[in-house]
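We call the chains A, B, C and D, going by the order they appear; numbering starts again at 1 in every chain.
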């Protein structure tokens, strides 16, 4: 059973090789291979979920093979509740993205190969319990992203790709410094590269000096790590790569970006920054909370001003990830659980939004709510595309947190979490909810109501394939909105352990 | 009394099932499944009627309640215990509310099957209607604020969809957006209040909250400077204001008439809007503790009067009803404020009955005449006798004519208001409450009868063939099939039987044992005063350390220890224990006064619109009329100023800052900095070395001769100089 | 005595082979008439000899350190590994020169001759154990380099490059020599061992003088590995010289110089605390400046050759950080970095050379849309660029990681941050090039012609270690870990 | 009887003069001569030190090697200068500014 993580991790790579091996002209074969690979991965991750032991917070399905003896670097995989959810989300979204990328025509082989590599590297980030391995996957993930955005993106793609790349690299290089510092701080011992071994506030009393100034080891490297993860989340003021990347990226890639990659940042906080530097985390939780709040409000406001649907949704995910940061900063049971749940729910709902926008884009080849020349981009879509409208409503209301759909529970939990710690922030944050509803509904009204826009006359409604890949997400959004327990039961042990740890500081 | 899941859950679940089936297979079903929806609601009516029977025709037990809990989800791990409970809480109030909601909803569904026939949106309408009803029922059933909030929001979503159901119309989109967002303003505050309560108590169960109030847990706590109780009460009441469309969040309700008329009947008249009143009644002890009752009263009074004034000038029959709804809601809220708990709730019920009936009648008119502009109607009573009869009953009721339900409930509110304003020794400024209240009552009588007269009396104006203007106000019916002849109305189960059934309940004596609604002049005896007896403000001390009943098959019998009925005259929590005598006299005065005012209003309407001896005042005060027709310019203010100028301006500014300034300079700036560094290196070579060097040769002669010769002499040698200089600097810095 | 000398010679076979090879090549050069037939043979011969030399070097790897010719030469694993790197580099560049058109057309084996000569000098430098051999090494290295840099006889740029190199080299060598002379005076010997013996006892003026002389002496090595501020000749010479030569310069002299620098630092600056402090300070400053200057200047370049030149300066800056710590980990990191750097640079120059041969220029434009013209080449080039930038899973990352590890172990967080920011800057221009290669739209779908399977095989063969060492670097780390030099 | 100091001073003077020549003269050959001066300064140092301080032959040997190397370097240098002259028809050092950023 332990090998299953290996399988999930390496299957996409095998798939990628198979894709590259398929003869040139056979695009459908390529698509099929990718589909098969991703669906097997999805099945495996479901098996993983079924075999998962929810009672314990310990790592499960652990694989540990020595890699670099001198540095005690291991090939060390394992998952706990939090990564279980992320794994499932990742497998699901890639499966869906394969279907949604069916229409990609520009050198298909490379596209799907890169997509599979991306999936593998994302799995790697979530699985790896070894710092070095983690960092390697964290960085490797950039390469497929760079090319996917840069080759299959919109007109301004190269700028966006490089921006994304540099931003993340800038953060992660500081993370690398932190990782190595931890390695030596723990005395180059047997497991000084093991993430878990560092946890628990071992470095509370150490200090370091830079250019003669003395800093607390914890704080300095907490902020180093923070830089790496906050850029990924992204937290204000490190968010500006996101709109560019999203607007330029092809649909599937934005789905992955918003659905999984942003979660890697918050996952980093949960797995690395908080447990390893608990004191610094607790002491700077106020700053994190304020940053989260600013992201919520700022993202929402910016989103409301957008005329480009995709940009609007991009900013909305800045806002929603801000909620996650708020939940993390609370460091209470409900707050943390809410944050992790929000990670999952935002993954599904935003994925829906991006997919839907992609579907629309395939028909209209533009994304303007209001065109630059002031004319309506769409209008009366609900008359034209009834099925599409239904799905859109589900996705939209899920992401604005309508009770009964998934977004609500996580946001409510987050509010419950932060209220007792940051009352003022809570009071301001509800404005975020308000604006969050406002921009989405306003966008919906402008696109879907009214007389049918002559431009949209020849759009046809969602076809079977599109409905088929939207369906799982709809189910997730609705079912987990009513019964969140399947998710919460999986993660609560791991989260609870973290909360207990933070409570000590 | 045995209560199991099986006997309570269907109330909520059967409409849900109908919703699911209609949502997925609605198109395939015959008549797109409207019968299914109706049936499902009827089922829940049966079940709630059973509970109602138990509660009402069982012993008069004011303090009896069912409270069952189950864990929705559970975050507990190790020492951290965190469960989220859901459950049901049925007391007398809930029982009455349930039967009212399900009953009215059944009739409205029945009517809709006729009204929505051959409508393009027939199917979708019957998807959302049952969902909506189930949400309302769930809200009534729910035992804590959290699940209340959930159903509350789901109702918001349903009304959003029903208002915007005619999606071809731009205005429908605007209206639905407006409705959702305006209520959302209240909702977020409600959520905030819930969160605050939850974090402090660890639960938002009504019973826990009551217990906490009784134990005085909230005393001394403050949030952001103000007392905790005030803060939470205010937040929750803001939520109520949004849902019940109280001033200044009233703007959405009139526009909500874009939806089909039965939808309006259900949502914007009978049930959803009363949710706000419902939650403020449930949280009444908290409101009292937070000492915001005066605020509630004032808001209610303002709404009651302001809406009435606007209703006076409306010409669209639905608009009149919409504003009358606003005004009546104002009365309910006012009732909560002035502490006439029982009467306020009674008004919820009575109003639901007659207002639903009124809307259905309006629907039947519109459907058969295809016209909703009152100036184009008139003399319809010979075409639509049943409708006319039903509508007349309801009008009498809402106008507060004795023997009708409206009188019974509203006048007790007014009486309490009178007491509250003048005799309870409150702040004298609060006298505004009863004054506005009575004024509004008069206006109500006036505009309702104005509507009746313009619609049913006088000569028929429907055959004037210019249907042109005012089409904007029509709903879809207005568009199709102009110029039909009005077919004479027959007795039809689906069209007017519902109206007649509802109109039966506009009689006062169903609700109270006396003809007047006052404590004097009992004729039917105390047994029929069930309403007053059953409904009273929760006496919080009863809930201290109550048992937690898991939702289990077998019911635990609280029936064992029931206190028996005792007639509570004093009205809940209106400040210090009210003086019986003063209160009594206040009620008497109020009753008489309002009877006079009501008749005055009716008479004025008669003079204006039947006899025509008095010209309508619209011509007399054009300015005022204009203001009223523009609804005091609230919508313009909100949309034009606050949203378009304020909010959007801010957003545009921020977005521009984000991409234009911050991203351009602060972020991409770094690349620029590097480029500048590189440029400067280049510049050093080209400018410093060549330009300054070469050009400087002639300039400085003697002293810098050597240096300049060094510098000017070409590149390679400049390298040498750099080498030597840096070397020198290294050597210089050697400190041992 | 004599047989002892011969015994010594048995350890000195690689150098001897090189010398023999050089002379025989000279003979062949003059003997053989017809170029085109002979050229391949001659090159093949040279490569074969170098392979033999490599074989003997690998034989020496395991040996404990040996001091031969009266302590003039050290044969220890460290120097041997450096020599292996250099020999590999030389082989690569010689093959490159064989395929390159940048060197004037009727070349037979001048390049090979010179290269092998420089190699010999480099070997001398790498295993120099007294000032004289060190100086001889530097000069052997330099004098032949001057000739190489002015290989393109008919082009003014090449000649100018050679000229500048000569002048600059002469000056630096002279300064260094002047420093050495004072060292000799104060420490009383030219043998490292005897000089070190004096150091602890020093104080006062002598100490200052020693330090100053060391700084002067450092110029000689510094300009060989082209650290700031002695790097100024580098871009010009790299630009002026033919591409194979540039590639050669980017590898062999740097390796040799670094080897010498490491040895000198280890021998002289571990014993005396005061010296140690100021030397480490000097190294820190120099490496920081070198990195920054190299990377920042590289940003604006439009000629890929110059870009690589500047980037090589940046890399050297990073490598020097390995010296700062004066411990075995540092040396190990440098060695590993050297190996990886050699492969990466070879590939980069190889592809650049081929493209500039084809298009006659080495500006960014010739790389535009390379992916459509020659996928293999493009992908490998991009990968190498990312590796140079230090991205996993390529070996460049591991090399960078080791350097970071070394300096952070010494808690030099300040320089670590400087290095971090520098690697971001580096990434910026590498990615810009990678972007042009892969994302750029090719102007016309002309396939890159004449890139023979042999060349592709070579590139791939060179690329395998770049990729492989990024994932399974344990073995090489162990090798370079064992190869740390033994003092005394 | 001359002391070590005087030798050192002379060599220092030689060194500085060499530097000056290198950085101030325009004639490339002159610059090469500057290099020679610097080398000779070093050689002189060696001899002087070995005579007065260390009393071993290292210095002498070293200076011999210096002379040899200087010759070789000069040879290569002059060859390149000639090439330069053939191309540019001048040996003015400022002509060598073709290569720059």
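Convention: a contact is a pair of C-beta atoms (placed from the backbone, for glycine too) under 8 Å apart; a residue touches a chain by one contact, two chains touch by 3 or more.
Predicted model only: the values in this text are computed from it and were never measured.
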Shared interface partners, meaning chains that touch chain B and chain D: C
Pair of chains joined by more contacts [C-beta pairs], A-C or B-C: A-C
Distance-to-centre winner among chains (Cα means, whole assembly as reference): A
Distance from chain D to chain A - Cα centre to Cα centre, in angstrom: 66
Chain B-chain C separation of Cα centroids, rounded to whole Å: 78
Inter-centroid spacing, chain C versus chain A (mean Cα positions, whole Å): 44
Whole-Å gap separating chain A and chain B, where each centre is the average of the chain's CA atoms: 36
Sites on chain D at which at least two other chains make contact: 19, 22, 31, 96, 100-101
Shared-contact residues (touching 2 or more other chains) in chain B: 681-682, 715-716, 720
Touching two or more other chains - residues of chain C: 163-164, 167, 171, 175, 297, 300, 428
Interchain contacts (touch definition) - all pairs: A-B, A-C, B-C, B-D, C-D
Chain A to chain C touching residues, read off their complex: 67-71, 132, 135-137, 139-140, 142-143, 146-147, 150-151, 157-158, 161-162, 165-166, 169-170, 173-174, 176-177, 180-181, 183-184, 208-211, 220
Of all residues in chain B, those that touch chain C in their complex: 671, 674-675, 677-679, 681-682, 715-716, 719-720, 722-723, 726-727, 730-731, 734-736
Residues of chain C touching chain D in the complex: 131-132, 135-136, 139, 142-143, 146-147, 150, 153-154, 156-157, 159-164, 166-167, 170-171, 173-175, 177-178, 180-182, 184-185, 188-191, 235-236, 239-240, 297, 300
Chain C residues within the chain B interface of the complex: 163-164, 167-168, 171-172, 175, 207-208, 211-212, 215-216, 219, 229-230, 232-233, 274-275, 278, 282, 293, 296-297, 299-300, 425, 428
Residues on chain B engaged by chain A in the complex (per definition of touch): 72-80, 82, 146, 149-154, 157, 161, 164, 167-170, 172-174, 176-177, 180-181, 184-185, 188-189, 191-192, 195-196, 198-199, 223-224, 647-648, 650-652, 654-656, 658-659, 662-663, 666-668
